[in-house]
Every structure is written in structure tokens, then in C-alpha cells.
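Sharing a structure with you now.
Note that the chains are named A, B and C in the order they appear, and that numbering of residues resets to 1 at the start of each chain.
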């Protein structure tokens, strides 16, 4: 059940420091949207406002609206825990729970949200691991700790864990930056498959990656160090990389800065 | 700062100095180096000798008196080492020491872990720091002060609690109370628990603070509540650290002398009830009986001290082993 | 889609909004619990405040669960219970610790004055008012001073050996036994010195014998803290100095130690604070006296912690003695706390590269 995200006038702070300012955009369901931009431009911060992870950081606070279909994530009675269940996240460095087995890692989110029969749980774990293209590699060692896998496998395990709870949106914060090229390719292929079912937002440093996997690309920038990051433009990926409407985007894409 | 540090990339010194430098790198060949190495190595060896001497002297004095002991050292419920022939055994002391320390640990660990979690995960950031600081300071309060407070403030307050325990749980036998002054093993346990609370809290807090942020975020992003984050990420990561902290606390409690000596009315018997006065611990017994003991009596106390020494060695050794295992574990998964 | 997945989707499709208790609800529940506990306590005639507190704590935790489970659901309720348990534990722990400090200060100031600090017990009987802790302060300062003089050089040199030279079996053994030594109960250290100083060498009680036992307790602490500090000194500093042809021992003395001296001082002061409060070994080896004995090498001496114990234990419940015990406790705590605060101050001030 992929959902559309409508962001309007979003500003996020760390304490008194304004990290991003006045961002408005729409993220289409069943597509991949990539965020690119130089370091410190706030693209990761922005990503974390989409599932209310930003406020977990000390001093983190947000103004503005994020509508998931028609529901404001920052509405008065919204439970951030429920938001994070609906909007899954994959982090920069793979972070499986080190004390849990592969199976338990995938089942972790499900166990939080209700009681399942053993067979049901097994089905979902298998389906999620298959969905993350990891099943064939781990089906014989589901009870081994997840920390024994390679980095790329760990990251796919984290994706399996995130999709097991059937979120509406999947956020990925530079999911390949800690991985080797082959693992990166595997994840990129996976992203292409997952977008059939989920709304995917991915932050990346790697412009080729953005060009390869995304349907739409948003370019973030900041006017100077210490200034808040802003959304410069968002458009079809093809147009951003061939014929962007803003000069700064073109400068960045062509490697003139950042 | 020394001026030599400002120029780390200085070219190697040519000539004879270069040769000397090589020699210095090989080992201590200059007189200064030899003396310094000798001194520092000697200190290390001295420490080992002291440890060996502690074990040897205690064993030696204990052996003298143990050969004369007419009772069974491990099972006799009596402490009359000054009699001729002497009769004494540590059964009562071993029981009292282990029971009071284990209860103290059972009382202190949940509270200490909660406070550690409070400081790291619950308290507002502005409050957590000062609280941790105060707990740090409390760990430094001398045990005799805890003892004085225990005897003059805590003991009177235990009456009501004891009456309560007696009326609701008296039927178990463990919490039966004849109504004597509440100077019992349980009071000692409560005081010990209060004393070891700061150290267990401090160690646990350090461990919880080291939980990788990304582990906690992993749980959060799955839609975990704060408690679920703690259960999924923080507690599994901190478990071995908490265990070893508890063992350190247990080691403290086992060897604590003054606090027990001030709140306990010792008798040389074992009660089923924890509430009636009586019983004793190794350390308390040494402090209380020392004044009236002759040489043979002191040797008997030394023998009991040796047993206490061995017990604390075991407990502390276990704590260290757990810490060492944890280091390997976290190194492997990093 | 399997049945289970459908259920997962079902659970998810429910709204993001959950019924939430208002922010003030924990305070309200806590207040209600306290009121209820007081009512129960008065009603049932429970005279112990400990019972009142326990009832309030129990009501708070159970009440939180009941109220949260009804409005917010089981998971939120569990989360709230965990929060309330953590808060309760914190309060439960703070009460005795606060009471300890409060009692010491309140009862200690009664006789705590210049006279108390500058007079000994002399011929004052334990049950009478009067007297002071001058002799005990002298004893403590001398015993702790000598213990420091013994253990700091040995401890620091051992740490230097472990960090700068130590490899192989000897270093491993030293490391292990330093750990073991850290766990020695103070009374066992006292018994050890007793066994050879008094029972074998047949020397009488003295401040020095006490110092020996105290230094056994102090050495491992000094080793550990010094070791930690030396390890913080970056290797580049050592290499830079060695590369200039400075011999290793001078490198250690002129580069490594000065860099870490702040931290080492902190460690030593914390160790001093720790042994200052030790009573048991002093009881066995120094015995205590009411008179001033300036000579730590001969005859029984007094010491502050021992003074507290003896005023408490030998006074047959005399209030005058209790007052003196509290006042001495106040002096001891003040001394230990000041040492701690200064030590931490130094640590913060000299903190390497933070």
C-alpha cells in the first residue's frame, strides 16, 4: 500500500540551529525519489523528518506539515511510534541487532506489533528475505547471528527487516555508502524491485546511483556553511541530469562543486 | 608541552646520536634506561610479591590454629578460639555473609539498572549529567558513615516494615519476626544494598552509554516504543556489563565490615528468619571479635579472613572474566 | 498475499493516531498515588513512612498500567510502566542517599565547631559531652600521608612498566594481580599486615602499620588510574621524542608524565579519598586512642573513621557520643567530598584533547 508524501513548508532545527528551511515537495507512490546534494545540505535530516526520527536527536524539532496521503505526521494526536511503523527506514551502516539471529532480526518488528502464529511468522520472514533477495543465501542458517553476514548481506537483512512490517514508505539513508560495488549493485537491483510495492526515498552521495535507480531526483543545497539547507529543485531524474532548470544543479551535477 | 613534540618530522639525527638512538630503540642499554626499567619492573614484581605474601601469611597463621581446632572449621556453629582446646567454625559466618550479600545484590541491581537507564535514557539531558555526578560522589561516601546512618537512622525505620513483613509474609518462616530490635541480616542487606547501589549504577551507566546509536535507531525505525528500544537494543548490549557490575557490587558487599558491624546484633547461630537479630558475617565477626581475642583468637579470625579472601577472589575473578569475554564479543561484532 | 501479511497490512492501515494520555497524566497519577497512600497509611495506622512510600510506589506503577492500558493499549501501557518503574526506582534510591547526607549534616553541626576540631578526647569519658577530633585528624593525615608516599611511587612505576615496557608474561601477571588486589576487602588487607607485623614481627599497633594496610588498598587504584592516563598519551609524542635521540627514560619523565600529570593527580586524589574512609584495617592495626599521638611509628593512634566507630560502639547509647560521631562523620564526608570535587575539577581542567 504505497502512499504519497506531501511536504509543505517544512523547517527542522537542532536546538537553535536551523538545519533545513521551508521545504515543500511531493513524493509519488510506487516510485523511487533520490535526494542529492553536497554534504551538510540537510538531505539526511530531511529524510529523518519523514518518519519522525529527527526528533529523537537531542534538540531536534520540526515545523511544517508532512502529509502521508491525507494524514499529517505532525498532527496533534499522532503517535510517532505508529508513524515509524508505517514509514520504514534503512540506515547508512547496516545495523542488524547483534544479539539476534537472522530470523529474529526479520521478525523483530512483527513481534512488536502483535502476536503471530509460528507458521505465520515463518511465512512473513521467508517472504521478506525473498523480497530482499537474501533468502537463498541465508535459508540454511536462519538461526545464526545476523552480525555474521557480510556487509552487503547485513544491509539486505536490514531491508528485509524493514519490509517485513509492510510499511507504506521505505526511507533509505545512503544505504550503499558502506558497501563494496558488488553489494551496491545487489541493493540497487533490489530497490528497482521494491518500488513496485513501496514508495521509496533514497539519500545518496553518488550521482550515478541516483541516475540509475531513481525516477525523480531532488537537489538540495545550502548557500553557505552554517546556513540552513534548502530544496533547489525536484524533477524527473532524466531532466535533472540532462537539462536542469537551475544553474546550481547543473554545476553540482557536472562536478563543478560539492 | 615539551618542545620536542612540536617537530615530529625532524630529520633523523646524524652521526653517533643516530647509533645511540638505535640502541635505545633496541632496549634499555643506557644506564638511565636500565635503572628506570629496573625500578618500574621492580615495582610490578613487588606488587606480585605482596599478593603472594598476603596469601602466604594468611595461610600460615590460619594453618597454626586450624591444626588445633577441635570443631570442624566448616560446619561448627561455634566461635570459641580462645578456649583450650579451641572450638570454632565458619558455618554461621559463611551463611550470613553469602545471604546478606546476595540479598543486597538482589535489592540493588534492579534499582541500579533502573537508575542507570534513567540517567542514560529517561531523564532530561540537563538532569542526567548532575544526577550521574551525584551518584559518583555517593560512591565515595565512606562505609563507616553508611554504618552510622544505618544504625541510628535506618534501624529505627525498619520496625514498621518488619511488622508488615511479619504479618503478611511471616508464615513463610523467612519473614517471621519475634519483635526484637530490627538489627538483623535483612537490615544489613538493605544497608549493603544502599552502599553498593552507586557502584553498580556507575558501571551500568557506562555500559548503557556505549550502546551504539545505530542499534537504538534500528529499533526506533521499526516502530518500537522507548521501552521496546531498551529491551531490543540496550539491555542485550549491556547484559554482560550489568552482570559484571553486579559481581563487583557483590564483591564489595561480601567484604564490607563496618556497615554490617554497626547494624547487626550478632549471635553465633543461623535463623530461618531474616528478621530476627542474629547471625554474622566474616568481616563483621573479625571487627567485633578482634578486641577480645588473644593470639590464638586472632589466628582464628585470620583463618576466617582467608576464606573471605578466597570467596571475594572467586567473585571478582568471575566479574573480570565476564568483562573480558564481552570485550572479545563487542570487538568481533564491531 | 498470505493471511499473515494481510493481518500485518490490517494493523498498519489503522490510523496513525492513537489515543494519548495528556502530558500531565504521569504527574497526576503520581499525585493521586501519594494521596491514596497517605490515606491508607493514616487509615490503617501504619506508622512507618517506608510503608507509605512503598504503597505509593506500588499504586503509581499499577495505576499507570491500568489507566494507560485502558486508553492507549497494551504496548503503550508497558512503555509507561517501564517509565514509571524507572522513576520510582530513582526516587527509592535517592531517599536513603539524601537522608544520609541530611542526617549527617543536621546532626553533625551540633558539636561541629572550632573547639571540636582543635581538641582531643583526652580524659573525656566516652559518655560525657566535650572533647573533639584533633587527635583523629592528626592520625588520619599521618596514616593516609604515609600510605600515599608508599603507594604512589610503587603504583605509578608499575603503571609505567605496564604501559611503556610491559609485554609478555610478567606484565600479564601484574595486570591480573592488580585486578585481584582491587577486590581485596579492606579487612583482609588489615589481617595480612596484622599477621606479619604484629603476630610475626611482634611489633605493637602503630599508625605506620595502618598505613601499610592502607597502601595495599591504594596501590591497585593508583596503578589502574595511572595506566589509563598513560594510555591516553598519543604515541606520536613518544616517537617524536625518541626520534630526536632522547633516551626512553627521559622521554617518559619529560614528555609522557608531564602530559598526563593532571589525570594521574586526579586518580591519586580519588584513591586518597577512598582510603581515608577505611575503618577496618585501622581498627585492627592502629587500635585508636583518645590521646594525641603525633608519632605514627609508635603506639596506638586515632583516626577519623575509627573515631566515628568507637564513639558509636563504645558509648552505650550516650547522646553526647552520638553527637560527636555525627560531627566526625560530617568532617570525614566533607574532607572526602572536597578531595573528590577538587580531583574532578583537575580532571576537567587538564582533560587531554577534549
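To be clear about the criterion, contacts are C-beta pairs under 8 Å (C-beta built on N, C-alpha and C of every residue); 3 or more make two chains touch, one makes a residue touch a chain.
The structure displayed is predicted, hence computed values, not measured ones.
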Maximum centroid distance from chain C, chain identifier (CA atoms): A
Between A-C and B-C, the pair joined by more C-beta contacts: B-C
Rounded Å distance, chain A centre to chain C centre (Cα mean): 47
Chain centre separation (chain B, chain C; CA means) in Å: 11
Chain C: positions in contact with at least two other chains: 75-76
Chain A, residues touching no fewer than two other chains: 81-83, 85-86, 112-113, 165
Touching two or more other chains - residues of chain B: 225, 228
Partner chain B, residues of chain C touching it in the complex: 46-51, 75-76, 78-79, 81-83, 85-90, 92-93, 96-97, 99-100, 103-104, 153-155, 157-158, 160-162, 164-166, 170-171, 173-174, 177-189, 191-192, 194-196, 199-200, 216, 219-220, 223, 236-237, 239-250, 252-255, 258-259, 270, 273-274, 276-280, 283-284, 305, 308-309, 312-313, 322, 325-326, 329, 332-333, 336-337, 340-341
Interface residues, chain C side, partner chain A - complex: 2-5, 7-9, 11-13, 15-20, 75-76
Touching residues on chain B, where the partner in the complex is chain A: 125, 212, 214-215, 217-225, 228, 232-233, 236-237, 332-333
In the complex with chain C, residue positions of chain B that touch it: 1-2, 4-5, 7-8, 10, 12-13, 17-18, 20-21, 24-25, 28, 30, 32-33, 35-37, 39-48, 50-51, 53-54, 57-58, 60-61, 110-112, 114-115, 117-118, 122-123, 131, 136-138, 140-149, 151-154, 157-161, 163-164, 194, 197-198, 201, 225-228, 230, 248, 251, 254-258, 261-262, 282-283, 286-287, 290, 295, 298-299, 301-302, 305, 308-309, 312-313, 315-317, 320
Chain B-facing residues of chain A, complex: 51, 53, 56, 58, 81-86, 88-89, 91, 93, 95-100, 108-109, 112-113, 145, 147, 158, 161-162, 165
